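Listed below are the structures to be examined.
Two complexes come next, and they have one chain in common, chain A, joined by chain B in the first and chain C in the second.
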Partner chain A sequence: MANPSLIAGERGVDHAPPVVRLRDRARPWLYLAPLIVALVVWVYGPLVFTGVLSFMSWNLTAPHPSWLGTANYSRLVHEPQFPHAARNTLVYAVVMLPFATVVPMALAIALWKRPGRVSTVYRTLLFLPVVLAPIATAITWQFLLDPLSGLVNVVAGWFGVGAHNWLGDPSSALYSVLLITSVKVVALNVLLFGAALANLERGLLEAAALDGATEWEITRHIVLPHLRRTVVLLGMLSLVVVWPWIFANVAVLTQGGPAGSTDNVYYRLFTYAFTFFDAGTASAAAVVITGALALVLGLGLLVAGRRRRAIA
Partner chain B sequence: MTHIADMTTSGPTELPTPTPTPGRPRPDVPDASDAAPDGITTDGITLAGIVKRYGAHPALDVPRLGVPAGSLTVVVGPSGCGKSTGLRVVAGLETPDEGRVLIDGTDVTHLPPGERGVALVFQDFALYPHMTVERNIDFGLRLAARHDRRSGPSRAEISSRVAEVCAMLGLSELRRRLPSQLSGGERQRVGLARAIVRRPAVLLLDEPLSSLDAQLRQRARAELVRLHRELGNTVVLVTHDQLEALSMGTNLVVMNRGRVVQAGPPEQVYRYPADTFVATFLGSPPMNLHTVAPAGDGRVLAGPGVAARLPGPPRPESGPLLLGWRPADGLLEPVDAAGDGPAHGGGGPDVDSTAVDSTAVAVPAGPGVVLRGVADVVEFTGDGTVVTCVSPGEDPPWAVSIRGRDRVPAVGDAVRVRVQAEHVHLFDPDGGLRLGATTGRPDAAAK
Partner chain C sequence: MPSPSATTRRIVGTVGRHAFLLGATAIMILPVLWALAASFKTPGGIFDSNPLPSPATLDNYRVATRDFPVWRLLINTTVMAAGVTLLQLLIAVPAAYALVRFPPRAHRVLVALIVITLLVPPQSLIIPLFLTISHLGWRNTFPGLILPQLYGTGLAVILLRDHIRAVPSTVLGAAVLDGARPGEVLRLVLLPLLRPALGAVAILLFITAWNEYLWPSLAAPDIDHATIQPGLAAFLTQEGPEYGPLLAGSMLATLPIVAVYLLASRRVTDAFMHSGLR
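Now for the complex of A and B:
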């Protein structure tokens, strides 16, 4: 007789009652169900709802939305605030990019080259801004940048620089908000560049030293190429994650002003939705922002991918 | 004259040079000028008084070691013995806490790695992952050209030298590939090409074969030996594999616990191990060691399951000794079931009946060793068979290799093994140093 356990096993699979078979097949989906439900309720549902709303007129105080067509989009294009906010957003992104890449990379390399207790202390201090609550830091900056009693102007006074209303002057407000936000971006990315450097094989540096490379040449030909992917990744990642931080600073410090100089599409969206209660226009803005961001990231990934292939 | 009387072993820290040095290293650090009369040639690599500590323990403590110019020196030892540290000290990747490194007579102790005329092939090859094979190989040359536009290599010279090493190592087809697109053997050849394209005076190889699979390793070993013959420069290879150590080098350095235990030509180190560590580290299966005590007139040594009659003058020792023999030097003899004697006609003439004690084997009448035991483990190795035997008493088991198709005992069979006197090694049980044939002092000091 053949192996009885094998036969029993076969029977178990082939002749199981349909209910049992269904249960076995449903099992993985049951495990996934909580996540799928959460995603549908909190992400995909609102996404679709926003897309639909962008073609409707709905004052949030009114009971029902009504169909409007593409009027929300043409309003975004034709009224001056949104294109202005979009241009400002571009400035935010372009100025923020070096603070997401070059600056933290240089700091991370400097810390990595001199390992020790001092380096560890610096690393910790540098990371601290990331964990502080955005609103709390924004309010702290408000005190620091106060034109009359703020510490920034006091220190500037020591160097003979006259008191300046950093956040009240349209020429400096945008850059003030940017610098304040960049502290957090730099802090986070120093940590991430540090992690990438920890992955750099020591043997490569030693091989380069044996090949006669100077310290700068090792950095230039071994360390920087090693960090290239991290630069691309963090550059693009920062373009996604930085907006809540910028938003918090704008909302607390300038409310988009003065004269719209710190305005950006995210703050504009917030204004449409919760100042004017115009859910339709806000939704249209959200669709435009999401689409533009997807386009930028898609292009970025495409270029990065092509360069990688070109090198190979 | 027998081998035991004829031993000319190197001392533990002696240099592998034609003129033997006094056995004990001098405590002071010699400089190059007074090194020469001692037999250290100014060519090749000289380590003088090198100490490298990690924490309190010295990872490397080499009073003096010379690597002859043009040799293929294999440094072997168990992991953590300091062999890689030594290599890195020569390369300039580690700075010694004390002592000096000389390469071809020049003190390079404080020169950066790139200026020593030294190249290193890393264990994991350490190829630059973002550079093609060609860029990996010419990286050093291009840097040299940039550093020194006048006397550095020209562009034409760089490309001809790269083409030359690529042809030599069979890399010409792979020049545009990235390291990630290469097999392990190809990566190793790129690592070698990158090292030799700069024509280093000294080529260092850190376990170059350990990342390769077994079949490739055999071929790579032959390729390395051939490459050394073609280049003719000084090559130092570090390995933990005793087979590589014995087969590849013209010069062998055995290390243990940060110290050089023995240095010399591989055959010499194998035949006259300086101590029990070298004796058991080199060779597979390792050398058998038995604790024996002198008996009778001092020419007879006996222990549980072992009896030896030595040629030459009586041993001066009264205490126990360690007697060693290699498994391949043992000859299996037939045993009769009843007693101690050999089976009919099996070498009977040279046995006398003066047994030393009850567990002992009859002492052979002529020079040589006789062992008795019971076959415990029988391992077929392809070329032959290794039989691990146990003797009565507390002695550790011992092994005997049986060549080819010779008859193999079954597990549980009584075994009788004879070893010729010239294949017997004697060691001091305290410290394990090799003993001279006639004196009670360690062999090295006797010279």
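Now for the complex of A and C:
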């Protein structure tokens, strides 16, 4: 633990003259001011702006918005596309969760257990999917999943599975987009779990091994508890950061189709705003999305916090 | 029942681990390898199910670099990503330092407000951000490209805060006792200690900005300031899709990032291990 007297102030505050006390009180805000300005200007301000716009009628090509009340919201609820997109979004989020947590964690632990040149090679290769341009990723999968000549169907044929139009069939398109995106999520999170593992004291494991603990017991009782915070953090962060990747794949490969099967609320929002230039409806969608996400993440934090207390 | 000997168990464990790693890695890099191979294919060959380019050609790279301003787009992307990374670090380092070393009374609320900004979906901000830079006349400018991306600064603050917390307070306390002012402690003691962590965070921020697709496509559609990610989409619309040059262009876009990673990753991970920071 840090020494409290060193946190409270760099110098003894108690007997300092008033000017020094004032400086000590002001100092944190001096260091924090640029951050506060940036977040107010680029996050909180725009959020409020979005909230106000959601009660307006504004075609972005027109000069001025006009007051509309809650009509944008009732439009979202009553037209079939948005509730449908919301259900799809839930499927996206739930299926993506293990690819953001369990899968990359297992890979990162396997890499970390035996450090060395081989692990470094794996780590470098696993990093490549993260940096392949989003649009190139989408185009590549378009070829790989091609119903006639795609490699996936060729390989599936070896196992006696008939050719399938993965992206053209409403029953498989959503899961195809999900799996394509999950490759990137896994690759990025292996890296981040690796960073969290770098902080784990190896001596602790050697001591446990000397005491006769098996590999599994070490993983179960030392490594996994060490990663709990990272799992919660990455699970929640993934609910926010995967959407740009999903967006690029949907925009290039399916445009929300076939039959709306890959549509999701973020793609809806973009369509309202930049296809129909309907800033009011798009803002209402943004408010609904942000509110729902806040609810989910808040509940998640509550559950995670309670469980941690129960264990400790 | 005799239990399997420790050696057998260890061999099974090693084989299992490698099978798992090998399988997962193969699945994950297959698309990257396919894209690399396809970037050397002829326009007809790309539709073959043979993943290898035969005959191989450099035509796609010629088209991407000669008929298309790929270098211009790469320079724009570098300026944007470097600008976003630098500004975020400049804002985040002092903020994280203050939150750890002299937290104000309200710091819990402040941290919560920072964490919330990480969880706000950027898509919900995009309309106001777009309207703001349009109003300021910042479309197709670097400030318009870079400054709104500061909405993500909270992530750098939270990551750096963890790293600064891990610096033993005795190290910084000693500097204070020697009479160093807070600014000097930050510059002369903390920053050198933080270099590996700063490197890791900088790489993460740079890659995120480099791969940004939606915001640059809205903020800078003109070629003068366009970035590579939306720029590549031009191959899909200009008189029919040109898949080969698109893939060649994206290989050129991926190369710098891989180089940065290869150069930096060894040093960053090594530094993590040896710095004594935990």
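Here is the rule we use: the second predicted complex is superposed on the first by the 267 of 312 C-alpha atoms of A that agree within 3 Å, B and C clash if a C-alpha of one lies under 4 Å from a C-alpha of the other, contacts with A are read in each partner's own complex, and residues count from 1 in each chain.
The rule is short, and it goes like this: contacts are C-beta pairs under 8 Å (C-beta built on N, C-alpha and C of every residue); 3 or more make two chains touch, one makes a residue touch a chain.
Being a predicted model, the structure only gives us computed values, none of them experimental.
Once the two complexes are overlaid on the shared chain, A:E201 sits against chain B and chain C alike. With both structures placed on the common chain, the touch criterion links A:F274 to chain C but leaves chain B unconnected. By the touch criterion defined above, A:V131 reaches chain C but does not reach chain B. Applying the stated contact rule after C-alpha superposition, one finds that A:V102 touches neither chain B nor chain C. When the two complexes are overlaid on their common chain A, residue A:E217 makes contact with chain B while staying clear of chain C.
Of the two partner chains placed by the overlay, only chain C lies in contact with A:V287; chain B stays clear of it. Using the contact criterion defined above for the overlaid structures, shared-chain residue A:L302 touches neither chain B nor chain C, since it reaches no partner. After overlaying the two complexes on the shared chain, residue contacts for A:Y266 are found with chain C alone; chain B is out of touch.
A simple residue count on chain A separates chain B from chain C, and the partner touching more is C.
By the touch criterion defined above, A:V161 lies against neither chain B nor chain C after alignment on the C-alpha atoms of chain A.
Chain A residues in contact with chain B (one complex) as well as with chain C (other complex) are 201. On chain B, the positions that touch chain A within their shared complex are 91-93, 112-115, 118-120, 122, 124, 126-130, 139-140, 143-144, 147, 178, 181, 194, 198. Of all the residues in chain A, the ones that touch chain C in their complex are 2-3, 6-11, 24, 27-32, 34-35, 38-39, 41-47, 49-50, 53, 103, 106-107, 110-111, 113-114, 120, 122-137, 139-141, 143-144, 149-151, 154, 183, 186-187, 195, 198-199, 201, 215, 236-237, 240, 243-244, 247-248, 252, 266, 269-270, 273-274, 279, 282-283, 286-287, 289-290, 293-294, 297. Chain A contributes residues 201, 203-204, 206-214, 217, 221-222, 225-226, 228, 311-312 to its touches with chain B in the complex.
Taken together, the chain C residues at the contact with chain A in this complex read 13-14, 17, 20-21, 24-25, 27-32, 34-35, 38, 46-49, 51, 90-92, 94-95, 97-104, 107, 110, 113-114, 117-129, 131-132, 147-148, 150-151, 153-154, 157, 165-166, 169-170, 172-173, 176, 181-182, 185, 200, 207, 210-214, 218, 228-229, 232-233, 236, 243, 246-247, 250-251, 253-254, 257-258, 261-262, 265-266, 269, 272-273, 278.
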